[in-house]
Structure formats: C-alpha cells, structure tokens
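You will see two complexes here that share chain A, one where it goes with chain B and one where it goes with chain C.
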Partner chain A sequence: MEMTKTKPFITLEHVNKEFVTKNKTTRALSDVSLEVSKGEFLVIVGASGCGKSTIIRLIDDIIKPTSGTIQVDGFEYDNTKPISKDFISRMGFVFQIPNLYPWLTVRENLLLPLKLLNINTKEHVEYAEYLLDMVHLQNYAGAYPNEISGGMAQRLGVIRAMVHKPEILMMDEPYGALDELTREQMDIELLDLWKQLGTTIIFITHDVEEAVLVGSRIYVMKSDPGRIVADVPIEFGTNRTINNKFTHQFSVYCDQITELIGEIDLSKIK
Partner chain B sequence: MIIILLLWEISTIAFHVDSKVLPSFTDILSAFQNKFIPIILPDLLITMKNLVLGYVIAVPLGILIAAICAQSQTLVKIATPLIIMTLVTPVIIIVPILIPFIGFDAKIKVLVVILQTAPIIILNSLVGFTNVKQEKLDLMKSYGASRFEIFRKITFMDALPRVFAGLELGCILSTIGAVSGDIAVGDGGIGTRIQMAASTLATDTVFASILSTCLLAIILFQVVVWIERNVIAWK
Partner chain C sequence: MKRKISSFLLPAAAVIILFILWEISISIFAIPAWKLSRPTEIAMALFRDYKEILPAVFYTYTNVIIGFVLAMTVGLSLGSFINGNKLAGVTLTPYVNLLCTIPLITIVPLLMLWFGIGRPIIILTIVIQSFPIMNFNCCVAFANVDPLRLELMDSFKVGKLKRLYYCILPDAIPGVFTGIKLSAILSILSSITAEMTGGNQGLGAQINVFVAFLKMPQAMACIFYIALLGLVLYYSISHIEARIMKTRNNEGEQAS
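So, the complex of A and B:
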C-alpha cells in the first residue's frame, strides 16, 4: 500500500520541560519530538510520571515548554506569551477527574466553554443539547454535580470538552477513575464520536489494552526523564469494535507495548 | 445548658449568695425584662449601629485585601504573620494611640470594629483563594481565560465556603470589637453601660446587658448563616 506523506497537523520538536520546585528540578520531558496527523486517534501510553500529561498540557497551552518548538496547523507557539483565544478554541481538554465546577449546574458546566470563548450561536447551543442527550444527561441538566454519579460526571467532562466543536481533543486518562466495564463502553462511544466528527484525538492512558483498543497509533513513553521510546501503528482500521480485543493480533500488540514500557521502577513513582 | 442554669439558680439560693456578687438566674431574667427597653436597648442600639457599620465596611475590605494578597506567593508569606499579629493584639489597647488622631468620636468605635473583624475575614478568604485545585484553574487556562476572569469566576466561587466561615467568625469578633470600643472610648453604648453598672454593683444589669449582647451576636451570626445558605445553593 502506498501512502502519501501528509503534512503533520501537530508537531513537537526537541521539546524539553523542567519543573522547578524549591528543592529540586524535575525533568518532565527530555527532547520530545512527535507528529500527529489530522483526524488521527493518537494514544500516548506509559507508566505514571513519564510526562504523558505534560505533552498535552503543552499543546493546549496550559503550560509553556522550557525549550523546543510546538506547532499546530502551521502556527508556531510563542514560548513567552499565551496563544490567542481564537486559536485555543480549536482545542478541547478532558481532565483525569471530571473537573466540574460544583456551583454550576450540569447544563451551566457544559455551556461554560461557549461562554468563555464568546460563542453564542444557536447551532452551538443546539449541539450542546444534542451532546447532553447523547450521553443520557438530558434529565439531569438542572442538577448540580454533587447530585450525579461518577460516570455521569465523567461523561459530562468529556462532552464539555467537545461543546465548542474543537478540531483537536486532548484527553488525559479520561476514564481512569471508572470501572473496567464502564470504561470499555465509554471507549467504544468515543470511537463512534471520532468516526462521526473526524476530530483529531490525543488520548493519554497507562492502560495498555485501552491504548490498543482505541488508538490508530501509539507512542510509548518512559520516565526519568520523560521521553518517547517507540511509535507503534495499530492496524485495526477505523471500524473498531470490542471484539478486536479477542483477536490474536490484539494480544500481540499488547505484549509488544508492555515490553516497550518495560520494567517500572516503583521507587521513582511519586 | 438547662442543668447548668438549674444548678446556678439552686446554688445562689441555697448558699445565700449576695445578689451583688452573683445574682440568681431568675434575678437576671427579671432585670432583663424590667430594664431591657428603658435602659439596655438604647445603649444596645448605639453599639449595634457601630457594629453593623464596622462589619459592613470590614467585609468587602477584608475580601479585597485577601484577593490582592492572593495574587502573589510572596505577598501571602508577608501578609500571613501580619494578619495573625493583628488578630492576637487586643484592639482595645490600640485605642489610646488612635484617639489623638481621630478624637473621642463614634468613628473610632467603628474603626475598632473594623480592626477587630477584618483580619479574620482576610485570613479565611486568603486560605480559600490560595487552595483552589490546580485542575480547576487549568480548565480555565485551556479556554484562554484571563487572570481576572479566572479569579472572578473560579477562585472566588471556589473559596466562597471559606470566605463565609470568615464572615461568621467576623460576626462574633465584631461584637467583641463594638463592646470593647464602648469600654475604651466611653460615650454610650452597651460596653459603657456594663462598665457603669459594674462600678455601681448593679450586677443584675451587668448580666442582663451581657445576655442582650450575646443575643445580638447570635442573631447577626444567624443572618450571615442564612445568607450563606442562599448564596451557596449547590451544597
């Protein structure tokens, strides 16, 4: 099969990130370079503390790199000042915890990004209602976050990141707190959404099976200092189902990636 | 509570305690009943005016100072010991220093209330403003929200329960402040009444006045609790 090399949508080149605390400097990322194509479902997998989350926080401009360049759609980030609201509105971020604001209702939490980004078209508000419906939260729209279950809260966290129709969705172990059955179901739901919307997704997880189930390509990371050690394409095509899990190829991928992650030095995990 | 009051009542009668030393509880109640409207209430109203005025100024002032301090970690480090210093210094001993500047004016009593109340509001608000979970702030950053927007929409809202804890403690401290102001400055008010009654051994009036002051503090406290319940509706 011949593949034409498309221009990458997101590029990180020689990115370093150090966190300086009172007593010491931690190298979260060391010389990380990566590329993500438009519409790709990229997964970054690795043990705790390997810098996975740092990468998407850099792309979403929550933090700035110590050195190196970040480019999205041909636009290079300025490492000294925040990128514009217009540009940042092209991205969505799902946190490890639902990260809902307890003083806002379910619907207010969902609409918050639109408010912050000054988006008030009828189309977006209708889309918000569609998303609520899709994740079965329509009946809870007026409830406060402490009145809904953990799974509902997490689903709300996911659709909130999508409400402004971002081109890039970054997800930081979004289902880590859920039980395995719910998580698989959410993974499949996410794949459906991805197929429908063609969003570029960067998905962070430490779960190898989850990585192989959803990813079209997987970056494997190691810690101390955080770096990318492998780039593994997952050739399951776009039409994925839970049944992929029971194929021989699936376990081959899992074994390969587990081996790449290697032995985890527990003493270095904080 | 009832047992204590009963013991008080019985022991004052049983041991023939002089009512100038310790009046029985029923003596206090009858003093309260007889003297509340003609004697205690006018003084209580003077104190209440200073108290409420001082409190109403101290609340926004305290929150504002906390909000400014919260903007920098260095400021927090500098401010915290200063706040604790003002908290432990009885404001009443500062009054003689202030009198040459302000004079024996009602203003000085309001100032005493502010000085007594603001630090606890600052301290509590500051703890609230500086303990917001990083993810909550990151989410706002991920939508390019400005620093002011983040403070107004997230930090402030997240800290509200803590701020209200400060406002409730502030109720109690402002009552102490108002009464100390009366005592230090003289010139009317429930504190002056207590002092005068004590010097003439009208112990029942002393106790009845203290009781009235306590009731005032409890009512103010409940008002703030009621406001809190309505403002923090999500809990």
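So, the complex of A and C:
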C-alpha cells in the first residue's frame, strides 16, 4: 500500500463472501480489503481453501459478494446485477484447470472469446495467431484438446484469456498441474509477456517459490475464515530472471512467506 | 478396416442363417401357411403385391418422417426453453414427463373421435407420443452440462442463446442423441398403432386388412417395411452421431 503511489486500479473494500449450502455456511472471505495498481503483477498465495479463487471470481464478476464493495478503474460493481459486457471484455480469466471445450479445435478454443464478445477485427485474429506462435501451439492449431499434452492445454487456457487483449489478467493457479521445470519456463514466458504488454496481472498460486519468482507484490492468505494476513512487496525490480532464484534475497523472501502462511491444518482442507 | 467388414458381414450372415432355419423348420414341423409364412413367400409377396403395399409404405414413411422431425423439434425447443427458464421448468416438467408414461393406445380413439381420421391426426399422435422422451433426454443432458464450462460462458456475460449454441448444446450432444433415437423408435411405433386402431391407410391399416383375409405373407411383407424404416432411421442417426463425436472420443478431462 505504501508501494502504490498511483491511484489503485482494482480495489476490494471489506468484502465478505459466504457460501450457503444445505447443511452449512462457509465463510470463504472475511473482511478482505485489497488494492492492485495498474500494470502490477500481484500474486496471492495461501493454503488450499483459503479463498484465493473466490477473490478473483469476485473481481471477474462470476460470483457476487455477500457484502462489501469492489471497484475496478473507478467503477463500482453493483452487487445485485451483472456488470456490462463492455466492461467484462477488459478482463481475462484463466481457470484453475484449462477448461477447454473438447468439441473445438485448439484454434477454435482460442478464438471463442472473440466470438462471444462479437470482436472480429483482423487485428485480433492476427494477434491470436501471434499468441499461438508464442506458446508453440502453431503446429497444433487444428488438433482437438484430447490430442495435446497437459502443458499445451494449460498454455492454451492462458492465451485464450489474453486473445481479446484484456487490461486485467486473472490467473488461477494456471500452471498448477505442471512439473516444476515446465512451470518455471512458463513463468518466465509470462513475465516476458507482462513486460511487453503492461497488463495488470493477479496471479494465484500455492507455491511460494513461484510466487516470489513472478510477483512484484504478494498477498498472503489464511483460511477459516479466508482472510489476507500480509502484504509483501518483492523488490527485484522489473528485470526478473530465473537467476533471481539463486540469490540470497530470494530465499529470505521464501522463508518469510512460508512463515506467514504458517502451519497448514490439514484437517481443515476439504 | 477388417473390423468394419466383419461388423457388417457377421450380422448379415446371422440373418441369412435365421431365414434358412426358418424356412427349413416350417417344412420339418409342417406349420400351416396361415400361421407362419415362409421367408421365400414373404419375399415373393414383396414383389408380387407391391401395388397394394407400396402406397401404404409411402403413406406411413412420410407420416413417420414428418412426425419424427416435428417431435424432435418440439422436444429440443421445449428442453432448451425449460433449461433457460426455471419457472417454466418447474411448471411444465411434470406434465411433459407424464406424457411419456401414458400409453398412446388409450388416447388415439379419443383423438380420432374429436378430430376425425386422417394424416394430420396421425402426425399429431406421433408428435404427442415422441416429443416427451426427446424433451426428457434434452432436459437431463442440459442440466448435466459441466458447470465449469458454463462458467466460461458466464465470465463473458453471453446471452441465453449464445450460451445454448456455444456450450450447452455441444456439451449435451450424447444425451440429445439418445433422445433422438428413442423418439425415432416411438415415432414408428405410434404411427403404426394409430393406423391399426383407427386409420384406413398406411402399413398398420394394411396389416389389419391382410390379416383379416389371412394373407400372411403380405402382412409379413408390411412388417418387413416397418423394420426397414426402423433400421434406416436408427443407423442414419447413429452415423450422424458418430461423425459428430469422432473428434472427441476419450475427451478426458485435463489435469486439475
């Protein structure tokens, strides 16, 4: 917060979210307030079930809060009705699993958001091809999701969220299912993209090292009830490389954040 | 390729063997012709009496096709409507499903009493009998669409029609096809039932006439045409389904 000299781009104020099911009420988020500035690479870490996904699902207007306010670029969400299509097109959402449609080819999956948002400029279609190329899926453009590897599917899930050139990119453990080596490579790719495009990114992970590697700031969350317990700026500057991993500062950050996440009570994880 | 040929040849061989056994047993057990006809007699009736049989075939086939297409359309549209509209779903579903369970034979005479005999009433009968099962299968398939796939739609704030077109329908294809197949079968069944109970045209009525005159081979020839329609419909639908599903067999979920 001391970090953000510019006016915050995304703001959550005293947000509560309860899920009511037949036999119980889960307090997924309790009095969560947070700020993200424009162009920031924000990471949210925390153990399973602490409400990470819930936060970005709220910002992407997939669900509504029980109470509290959400503001994006000065516009306050109405808690009773969905935000407009124009506004939603400024955001991209990467699901926790790639969530591809098996009946569409790789390219059709990628172009789906453009169809849904009624975008059909040549510029966007060319950008889609550029994205395919960038994540090395060009040769698989005509393949179906069951014909590509898990890593390819995840990359496709990521570029599908970028194809309409959103200003805000929300990523829910995008590389969670990948092995560490591949994941690191993807993280570096993502950092390159971020530097190139200046997109505001909210990135969720439960991996502390990944968080420190990519994030310019990290929110640490705890569960029961889900809340933010710390706000840690990571001061490696914008020139992030894989080499950061081997610095002393890196392990200091990792230790600090691991400490903040604290003991994980496995009995509370469903 | 080899498997494809044998999957065609083996059932064909089975039918030929069945016919041969049938023919032989009639001779061996000396079954009278008015009880059961020989396959050769039926085949002969197919060619010899085509003037009596073919108009009935044409009448029944067109009714079934028209009725089936209408039933499919009504079932799918109603299913889509119910899926997009909770209130309509709660209100209509019990009645539509009740229609599935009413044996048609009980209402055909009533319908004929009200509206008279004729093509429109037979087609109406087919639709009433066949659309509920289509509707039922569509509703089940639509309700079971992967919620995460729907979430992708919702995250783009798309309208109901786009949601249906881009996500619900393709996701529900297998269930929808089950409905299509069942309603095809019911269409044939109900058209024959209607013709037998009150019609004066079509294969159902023609069978009644042939049986009354103990013309068994001719009656069996009519049954042959009914079976043929069933086979052609069923396999055409399966073929279309297979082509659609080809791209996504073992559509395993990506790692989560």
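The criterion applied here is as follows: the second predicted complex is superposed on the first by the 266 of 270 C-alpha atoms of A that agree within 3 Å, B and C clash if a C-alpha of one lies under 4 Å from a C-alpha of the other, contacts with A are read in each partner's own complex, and residues count from 1 in each chain.
Basically, a contact is a pair of C-beta atoms (placed from the backbone, for glycine too) under 8 Å apart; a residue touches a chain by one contact, two chains touch by 3 or more.
Everything quoted here is computed from the prediction, not taken from an experiment.
Because the two structures share chain A, they can be overlaid on it, and in that overlay chain B clashes with chain C. In the superposition on chain A, A:82 makes contact with both chain B and chain C.
Residue contacts after overlaying the shared chain place A:177 against chain C, while chain B stays out of touching range.
When the two structures are aligned on the shared chain, A:103 is found in touch with chain B and with chain C.
Of the two partner chains, chain C is the only one that A:150 touches; chain B does not reach it. Of the two partner chains, neither chain B nor chain C is touched by A:65. When the shared chain is aligned, no partner comes close enough to touch A:46: not chain B, not chain C.
In the superposed model, A:215 lies in contact with neither chain B nor chain C. Chain A uses residues 60-62, 82-85, 88-89, 93, 95-97, 99, 101-103, 112-113, 116-117, 144-146 to touch chain B in one structure and chain C in the other. Residues 148-149, 151-158, 162, 166-167, 170-171, 173, 247-256 of chain C are the ones touching chain A in the complex.
The touching residues of chain B, when paired with chain A in their complex, are 135-136, 138-145, 149, 154, 157-158, 160, 232-235. Chain A meets chain C in the complex at residues 60-62, 82-85, 88-89, 93, 95-103, 112-113, 115-117, 144-146, 150, 153-154, 177. Against chain B, the residues of chain A that register as touching in their complex are 57, 60-62, 82-85, 88-89, 91-93, 95-97, 99, 101-104, 112-113, 116-117, 144-146.
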